[in-house]
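Here chain A shows up in two complexes: once beside chain B, once beside chain C.
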Partner chain A sequence: MHTKRMAMTKWNEQRAARADRISAGQAYADGKMVPAGRLTEFFETVIRSGDRVCIEGDNQKQADLLAKALANVAPERIHDLHMVQSGVVLPEHLDLFDKGIARRLDFSYSGPQSARIARMLFGGQIELGAVHTYLELFARYFIDLTPNVALIAAVSADREGNLYTGPNTEDTPTVVEATSFKDGLVIAQVGEIVDRVPRVDIPGDLVHFVVDAKAPFYVEPLFTRDPAAVTETQILTAMLAIKGLYAPYGVKRLNHGIGFSTAAIELLLPTYGEALGLRGKICSHFALNPHPTLIPAIEAGWVEQIHCFGSEVGMEDYVAARSDVFFTGPDGSLRSNRAFCQTAGLYACDMFIGSTLQIDLAGHSSTVTTSRIAGFGGAPNMGSDPHGRRHPSAPWLQAGAEADSTSPAPLRRGRKLVVQIGETFGDKNVPLFVEQLDALALAQKLGLDLAPVMVYGDDVTHIVTEEGIANLLLCRTVDEREQAIRGVAGYTDIGRQRDRKMVERLRERRIIQRPEDLGINPLDADRSLLAARSIKDLMLASGGLYKPPSRFRNW
Partner chain B sequence: MEQLSFTLKAPRPAGGSRWQAIAGVVASGNLEVLVERMEDQNTCRIDIATAAHGFGAVWEAVIADFVARGTGGLRVSINDGGARPDMVALRLAQGLRMIEETET
Partner chain C sequence: MTALPHHNASTSWFEATARQRLAALLDHKSFAEFLGPEQRETSPHLGLFDLPRQFDDGIVVGRARLDNRPIFVAAQEGRFMGGAFGEVHGAKLTGLLRAAGIHRQDVVLLFDTGGVRLQEANAGELAISEIIRAIVEARIAGCSVIGLIGGRAGCYGGGGIIAGCCSHLIVSEQGRISVSGPEVIETNRGVEEFDSRDRAFVWRTMGGKHRYLIGGADDFVNDNADGFRAATIAALAKRQPLTTSVLEAEQKRLANRLDRFGQAQDGIDVWTALGITDPVGLPGSATEAFLEQALDKRENANGAR
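Coming up: the complex of A and B.
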């Protein structure tokens, strides 16, 4: 068969190889339907050693049934797989390497597996390609990391293989586009088989096999922050950000990180923001997951439009009932898309603001510690100044002018506002500011060419802590920059080693601004200022549409 | 519990006219700050009872910044449940702001 095809042509071998796999898979399938009980044998038939395989492990949803079945194949039959997937989240994703089924890994994010992945990298069980941002990995799917096999997850399918992903579409269209149009094999797990899917998120002719898992795929609630845990220093820091950054730059289009500092900002918009008269002037357009803490601001009429990377557990009905704000399909539910939303966050937002674990004196920040490799996710794309941007906007031009006061305006790039926000001390009194990032030690230990830096210092425009705001755009020397950072580093060692005179001069030039410089009364930093003080308040603010997951319910 | 006590020269007396102010609560990771107008105009006395040992140098730095804001005449009693320095600085700022308010 192989020889015969060679004799005919050498130009369509991949397509023929896929046809071979599909016909071999027919031994287990009824049309496109593969019974869950025979998945492992089926995989041993359609997957080949050395294949590049994507197990859909997104930021949130997981093709958990397919991951388990792949981890059970016989390593004598299938080995040396090259895993190319955005999330390494389930234990099975790493079991593949322990068992000798997979050898090489290219990924973006490893949240819950961050400690184990670090041990396996140190131990040499995993050959690491690279740790990517989401957009980078998606980009490489189309250039040099195109999957031969994609194992994806959806809510339901019809018998032709048309897939409905529901609100958690996330990475699926990107993975399928790259795999299916380059003659790769697409296998989907679904929660149920239906006569007609509520909407077609993935057309059936791109999907080759479907497995009825008879249960929903696993989804992690990653973006739910309980307002009850927001501290008063976080409230003070959020007030500084709103009055000292959002207001003067007039930031309408933005992306928020997922920490408590930005949750506090979201909860202060309808109270503090309203009192400052900022509704309609800031925070109207977001690239953001449906954060429950944004409900009070949405209800108060702050937000015009939100495009989402993924969904959030419990927010489905709320989002469906607010279609003027969110992107929804003909079935009424959210349509998320990570690749498009990352692109939107990169090119169409004027600000990224998020928290981090460590910031050094050059402003580089990182969330790695020496024992964990959590990967990047999307933050480095959101938290970077895209040099390819060409459309002007007021905040972008203003930031550009602050950074470069001498070039003629028509030849001056604007700047994206890239803001790091946090309290000077984190959990267990760990300082936010450090002489040297743990990422450097990690890079050395693993022999990496690049230290895993989340946001580079030259992209950071502002650092906000409870002590004040440092505007790095206005710093003209390396020394000024270092002292501006020390000047908001509070009582950490870095902060206490500041040059007090220089910091005072920076304050006179408004490179550093304290709460009192902005007319912020520390007595207002009170939990009563939060628009919602508990998960229950969020549910009530949504008119009962938000259905918090049980772990967040205490009533 | 560790007891720390500082008596410092203040650059200027505290403003306002209230005799007493209290900010915060005693709880894990939190602290209560009682501010009373009962010292000489150029002196500030600070007594600290803290659940966390070995943070003398950080307390000194926090207190020095606080007194530099003009706290002459004030006695500050701190009951600390192991709060982080950022929370301590916020409570002190709140206590000072409260006692500087005009009595209503």
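Coming up: the complex of A and C.
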């Protein structure tokens, strides 16, 4: 390639190619506006076989209209596309591979399509590049996976193509930056065309075509947890986390996972946390989506600042009315940004706490089962110790000192607290602790170089279950680490095979802490401790600003 | 040790256990349990399926006083197998109702049930029939049988039919009354017929407000023991034995209801037909505002049931 370029001394072929595509697209467009009815023919004109294509979509918003239209192009005209996108979430994302339109895939998250994607990978319909974390895939957009075409979604556009993304900005700036500044083509679907957008999230000169979908893009309310479903065991684990981790480390800057255990923590802050006198001492700064379950803590004055990956359905008005807490634009509504928030979660937070499906004896954890590939999303970025971090903070230094008691303090790395929280038996009584992760069997079945591990054992610092807290930072040998994990694994097979004497010694060294060691009576773990016990309570706590989606309302 | 800020257990009927509901509903320390958990009368079937049993089989029955009036009372525990009817569970309720008929005692039933327990379906279905017969006999004997509905599991399946045989029903917003549950309807008739995941729709068709508006319940109360207690005391003061004319009136009422609303696709259609001013905003309205709206618009079961 390099020698060819030297011989022909052509340095602007990509720009010329984009200009060609834009002019070919004019056959269907009025200025930048492409009618929705002609999208498929339009795609057949501006997209080329072999292109790297990003259909915008993650675990929240989706460029659904553009995804459907792309899945309808004729495979004899467009084929061998290389899809490079955060989310494989809509059926159409995989229809592309079934129909022979796309061949290769690099992605990050596949939630609802996790079973089908596993079948298609196994059946050979998809040639897999890799499963990434969000931040990793975004990084590769700028190095070796730059899209030739990006199909993105926004709330509204003006005639020049300036885009308003509303609260769900999410991945859009990152995708557009990588595509448009590297001579790729950017095509946006919008809910409406307006004379003047409420704020410019994406400048029009980076956007080449706009389609009026006449309807909002699809958004999944993925971060809404109904307090009515929080169990007493989850409340107990939440009490252990607050009193046994948040308080002693003084964790102020953090990220919470998506599960019910962390929702329980959020709902206990204004009650249990308040009773422990922790307001102002913990949980003041978050990298977090606007979780409805955080409303009572925000209202009680716990939270100073939250930066968001995306928005959450129904939280728009509440967020807009709490601009001291959230990042908002001149139009008043939330500005989210996944890439920045992932970076914030990685480098500026002292703790990640989240749930998982399986933990092995080394502390590796995974949400993969043998028949599903759900991808990683952002959790591995949150749940890892960033070796590039250089600024100190009390929790980071304390964790570092626990991990390494011998190095001189000025030369000792701090450690991010990476906490796995869960019930020893999860949904349908499936044990959380396993001898071997299903991810290994899957990797073998698909011939992957790497097993899809969500959080590596060497990044995990604590495991919290209803039986207690295991502090892995304080373990000095592989054996101690294994027994610390067995020591909180309850009545699972892993837990019952513990070395009782060693577990007792670990408890004396406070590597394992039981509820009673922390002054917690399990009988106090009652639903009446929750600051809100239903979605309606959350709505009332928000003063009516939170508008729960229909599927969460029991009234 | 820090004093923990627990809510009072009686603040939410929906949240409370069967025993917490009884404690908050009845006169202080007036409850005497029949066949309590210490008797260990557990299900003879669940063990076959390697399922956990409960010493009271998910129902608490006994005698008590309510505003100093003697009553028989039963409370289902929705947290144990969704409050479902099994052999022992059903037999305890049947026995209580038969005793009520014999001793001329009014009965208060605290429903919280998904219907018959699948693992002991035959015994459960038989129990439903026996319970219905016992209710009818008690009512013919002059007893009131009052149903309270506001628990997590709602009042579904055979429970919904039993509720239909009561002389008086009290419901909260959270309460749901129906025979087939949302998932069952969706499975059998398709998501176009009934989207069980749309919970607001579930409540618009089966929820407390809707049932009250179409005369499917007689009182609508706040989600707390005080609300249920006051309404139960008031209901106990009325007396309406089951007679042929009451049954005929009930038949006529239900025929009229079908006539008037049979074509409606959604609760909102029914409320519009009733003349509710803001049918779309109705689910969000607070109790007082809702009762005011409903006052002269709702269908009621006066003279029937």
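Methods note: the second predicted complex is superposed on the first by the 546 of 555 C-alpha atoms of A that agree within 3 Å, B and C clash if a C-alpha of one lies under 4 Å from a C-alpha of the other, contacts with A are read in each partner's own complex, and residues count from 1 in each chain.
Assume a residue touches a chain if its C-beta (ideal position, glycine included) is under 8 Å from a C-beta of that chain, and two chains touch if they have at least 3 such contacts.
Just so you know, these numbers come straight off a predicted model, no measurement behind them.
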| item | value |
| --- | --- |
| When chain B and chain C are modelled together on chain A, clash or fit | clash |
| First (chain B), second (chain C), both or neither touched by A:Gly345 | neither |
| Touched partner set for A:Leu236, first chain B, second chain C, both or neither | first |
| Which of chain B and chain C A:Ser528 touches, first, second, both or neither | second |
| Which superposed partner A:Tyr272 touches (first chain B, second chain C, both, neither) | second |
| Touched partner set for A:Gly378, first chain B, second chain C, both or neither | neither |
| Which superposed partner A:Glu467 touches (first chain B, second chain C, both, neither) | first |
| Chain B versus chain C as contact partner of A:Phe552, first or second or both or neither | second |
| Contact residues common to both interfaces of chain A (with chain B and with chain C) | 521 |
| Footprint of chain C on chain A - complex, ascending | 228, 271-272, 274-276, 519, 521, 524, 526-529, 533-534, 550-555 |
| Chain B-facing residues of chain A, complex | 231-233, 236, 423-425, 429, 465-467, 490-491, 496, 515, 521-523, 525 |
| Complex contacts: residues of chain C adjacent to chain A | 1-9, 11-12, 14-15, 152, 173-174, 197-203, 207, 209, 283-284 |
| Parts of chain B lying in touch with chain A, wherever the complex brings them together | 58, 61-62, 84-87, 89-90, 93-94, 97-98 |
